[in-house]
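Handing you a structure now.
Naming follows writing order (A, B, C and D), and every chain is counted from residue 1.
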Amino acid sequence: MGTLDKLTERLSRGVARRTSRRSTLAWLGAAITGAAAFPVLPVARAASGSPHGGGDGGTHTPYATGNPQDPGDRKSCDYWRYCAIDGFLCTCCGGSVSTCPPGTEMSPITWIGTCTNPADNRAYIISYNDCCGTSSCGQCMCNRNEGDRPQVRPQSNNDYNWCLGTQSSVYNCSTAVIVGVALEQPK
Amino acid sequence: MRSHALALVLSASLAGTALAASPPAYPAPLPEEPIPAVDTLPRQWPASWVLVHDFHFASIVDGRVYVLDTTSPERPVRGMIRASQFANMLLAAPRGEVLTSETFYSRLSRGERTDAVTIWDMATLEPKGEIVMPGGKRQQSVTYPQLFQLTNGGKWALVANFTPAQSVSVLDLDARKVVSEIDLPGCAQIYPTGTRGFTSLCADGSLLSIALGPDGQVASSKTVEKVQDIDRHPLFSTPAWVGQTAWFVSFYGQVQGFDMSGPVAKPLPGAFSVGTAEGGAPEWRPGGWQVITSDARGLLYVLMSPNGREGSHKDGGSEVWVLDTAKKARVARIALRGVAAAISVTREAVPHLIVARGDGEIDVHDAATGAFVRGLGRAGGANPILITPVPAAGGPGQ
Amino acid sequence: MGTLDKLTERLSRGVARRTSRRSTLAWLGAAITGAAAFPVLPVARAASGSPHGGGDGGTHTPYATGNPQDPGDRKSCDYWRYCAIDGFLCTCCGGSVSTCPPGTEMSPITWIGTCTNPADNRAYIISYNDCCGTSSCGQCMCNRNEGDRPQVRPQSNNDYNWCLGTQSSVYNCSTAVIVGVALEQPK
Amino acid sequence: MRSHALALVLSASLAGTALAASPPAYPAPLPEEPIPAVDTLPRQWPASWVLVHDFHFASIVDGRVYVLDTTSPERPVRGMIRASQFANMLLAAPRGEVLTSETFYSRLSRGERTDAVTIWDMATLEPKGEIVMPGGKRQQSVTYPQLFQLTNGGKWALVANFTPAQSVSVLDLDARKVVSEIDLPGCAQIYPTGTRGFTSLCADGSLLSIALGPDGQVASSKTVEKVQDIDRHPLFSTPAWVGQTAWFVSFYGQVQGFDMSGPVAKPLPGAFSVGTAEGGAPEWRPGGWQVITSDARGLLYVLMSPNGREGSHKDGGSEVWVLDTAKKARVARIALRGVAAAISVTREAVPHLIVARGDGEIDVHDAATGAFVRGLGRAGGANPILITPVPAAGGPGQ
């Protein structure tokens, strides 16, 4: 179990590093074609007609990180790390932005996004590990697709259920874990 | 054409980024974070936490219970526990366990049926074991606490069956097996009674108290006649517990206590009314799903609707009336921020009234003053219908 | 199967007839205590805080019966037969007011309400047979409790899952079937 | 006190009723109705019907497919079919069957996993049988049609696997067994090709066409390089089918056809653009989940968003642009009544455009004029993401 975890962790990080250049290019391309990367208005997503919806219409109390280098509301779909997430935010489900809720199992492999942190202007590689073994959390649905590519590129696609290599493939929520920086120095 | 445009865009992109480059304000990037990482909970949950049962009408097979920290509007959900197919949930805090009584089909909606109690660890929310109940008898209802209860000092669980023949299964939680089954023709709901037994309410208005032997079989039973007039003054099935006294309220607002400490339930003399008030259309009556609850001091809280009429008893309420059972009098009225289906009071040093509104919002009020303190959003899911407070450290398991 | 069906059908009708007087009294009591039996405003139910909710907020096109003696919109919670129903209206789920949707199985036993038909002023015994074996229909949630009594009176309680005696106990929707008249002549 | 009041009420009630008595307008009561009674459907569904897949995010284990009569705003839902846990659905109209490819756990969210294809009878919506697929490999994704397809004249079904190793299982629907498994490293999605085979798209931008032998094994395979530039011009995975031609659209609105009639997919020369329009912010691009569809005449319909940008490709669209592939030109623009996720066109004599909006409403437009005809309410459930039209009588199954 421990060995498998380490192996698959290395695998997911390896995938991240191999794809970082491409992802970064895609990201830069997005920026210049006029994509207002932040903020994507929640109302736009809520009424977007996306199959992935947005928000639940209830009262929302922000949950800030407290770290000025990691700015934003971790319960908001606009938080910078969520640029390619698809699912329920674990922060709203008993976990955190980088940890799974109690009673779930974190998927060892997953899809990768590259998101720019507006505070330090660095492009981070974000691993969207799913949390598995409990049914749909139902809180804080969020779907963003910056850098998302069709399923033919699994490591860049958020439509897969990444509850793979876990005891159960039932999906609960998604994390957004920093696994590296895409380019050591922004150019 | 398109690819020409895109090539231009990409080169412009790199140029634009180069122009915008400036020394980062933060010399070091944010650190890498470990994978995998799964949170755990304290084994002893704070008394500010509650369990909220989301019946999940849109997918009854996929009901769930949310573990909520009522002090945190920023992060109220602390976990989620499966509660499948008209499930019941039981908090066994002294055991460090949450129990769910559920039904499963091998093909979600069809196939082989399995009824089972699952034992969840409170610290990890992982299942520690299960007790399969044979025969496909488990009662399936919109969730009532009285379909799944503890007795025998918390060592046994009692599970209501309905096929529609009525019975109660006795489960040994340590041995993880079904010990016995008690037939219960004409009677329903389980109210723990005495040290090892339970009471049920019967269709003719009587109650039946059963004391169990060490083998889980009936040691003695006793009927108490005419404890309610079901046609004219029915009692809501779910009472508020104060120690081993169960306080029931009728559809019309009469409050009746039952002493469940001995082997036979004893109706307490002196039923009293929740009172009346102006503004009813036509009148104030209890309304909702979990309409009566208690605090640690023994005050009762009743969820009240101003639109009381025949058939309004599940319509929810917009006020909570607070009753002193010693004075047999109402001592406060608390206005809610919306029509609510369920109420409960925490066992904190400063108790809070937790309110599950019809629109799914969970509100926290100061129980003493009634003041609204904070909202938790829709942290209890789509259809929050029951709220279970966490007992204070060392307190009873409700 | 056929024999069981007949037996349980007789059972449910027997229960209905035995309880009709009580139900009728409850009904009359309701009428005079000021209960506006019809209409109960859907908005009141929608915002009622009932765990049973009401409506789905979407576009609603009425579905009239076409029979003046059976007036009303069969997709509306206000339709006269639904006075003690709890669940999704089968009319919205592929069935009708008295039939189950394809692929489901009708429960042979159930709970009973007594509802007054505003056209002929008769009190009818309505059998709310559940349809079973397919998951929650999700359309036209409706909960009314006129004459509903606690679970200690199973035949008068709509909180039970009445998918009993069926191959699967999974609940899909509820019908409202006329099984008799409570009193031959209104007095 | 209370019971006195109630007694008064009851006697008043009987008196009041007597006073109000008058001869009934209808001499006979409404007739008793038979129990039990279950509806059935015609074995041949009208071409005005569609299947709408509700992914059901709030309970992915409990997804479902609604059978809708698009002519009936009064009673659009005609039935519901289980589609559990990232399921896929396939209409096999010539067989009189709907197929679902699903995953189950013995305890809903945990326990033993079973992957199975269930065969549902179109007339009864009852399961006729199932094919269990061993190994726990079935690909689970937000639903794409290309994860579950027919080939070999509709006698075989192809199921995509992802562990993340990629493969395709070949199922014999008559023998109800798994025939073979084809490894597919680096390639995804299933597009039926030739008489007995399929094509997949590969991570390097090529495609791979595989012809199957009568034993379900690979008879021949062929790679066609550079059919798309995934980094710069990715194609939406789901095409519109016109006969055996699959029409894809890129994230940027380039339309590319592939002839799938032979054993090897052939890119058609002459890709063309959906066109441009004023009012984009920043520009019009395809957007949604099911963004391209066809009608019986071969016109293409593309769901378009005015807010096209990187990452907008699943955000839904507010217009449908109609394309003539012979003229390589847009021939109409249809304004929708809300942002939509999925579109499809019925095979009726007068075809209708069926629109699944983001708020769950299902709209019916005249496909020729674009005019709104009727709304069906939220008849497709919470998250309608795919619409499958019923073929005209005797037509093909797609």
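Annotations for the structure displayed:
We take it that a residue touches a chain if its C-beta (ideal position, glycine included) is under 8 Å from a C-beta of that chain, and two chains touch if they have at least 3 such contacts.
From a predicted model like this one, the values you see are computed outputs, not experimental measurements.
Note: the chain lying farthest from chain D is B, by mean C-alpha position.
Distance between chain B and chain C, defined via averaged C-alpha coordinates, is recorded as 27 Å.
Look at where the CA atoms of chain A average out and do the same for chain B: the two points lie 33 Å apart.
One simple way to say how far apart two chains are is to compare their mean CA positions; for chain A and chain C this gives 46 Å.
Those residues of chain D in touch with two or more other chains are numbered 6, 58-59, 61-62, 82, 108-110, 232, 359, 382. Counting partner chains per residue, chain A shows two or more touched chains at residues 25, 29, 31, 33, 134-136, 138.
The complete set of chain-chain contacts reads A-B, A-D, B-C, B-D, C-D.
Across the complex, chain D meets chain B through its residues 1-3, 6, 56, 58-59, 61-62, 82, 84, 102, 104, 106-110, 114, 116, 118, 127, 130, 229, 232-233, 250, 252-254, 273, 382. Chain A meets chain D in the complex at residues 22, 25-27, 29-31, 33-36, 44-45, 47-53, 83-84, 86, 109, 133-136, 138, 141, 143-154, 159-161, 163-164, 167-171. Contact residues on chain C toward chain D in their complex (touch as defined above): 5, 9, 12, 25, 28-29, 31-33, 56-63, 69-70, 75, 91-96, 98-108, 117, 119-122, 124, 127, 129, 131, 134-139, 172, 177-181, 186-187. Of all the residues in chain B, the ones that touch chain C in their complex are 55, 57-61, 85-86, 103, 105, 108-111, 113, 136, 139-142, 144, 162-164, 187-189, 201-203, 230-232, 234-237, 282-283, 288-289, 307, 309-318, 338-342, 357-359, 383-385. The touching residues of chain D, when paired with chain C in their complex, are 6, 9-10, 12-14, 16-18, 21-22, 24-26, 29-41, 54, 62, 64, 67, 73-75, 77-82, 120, 123-126, 359-361, 374-379, 381-382.
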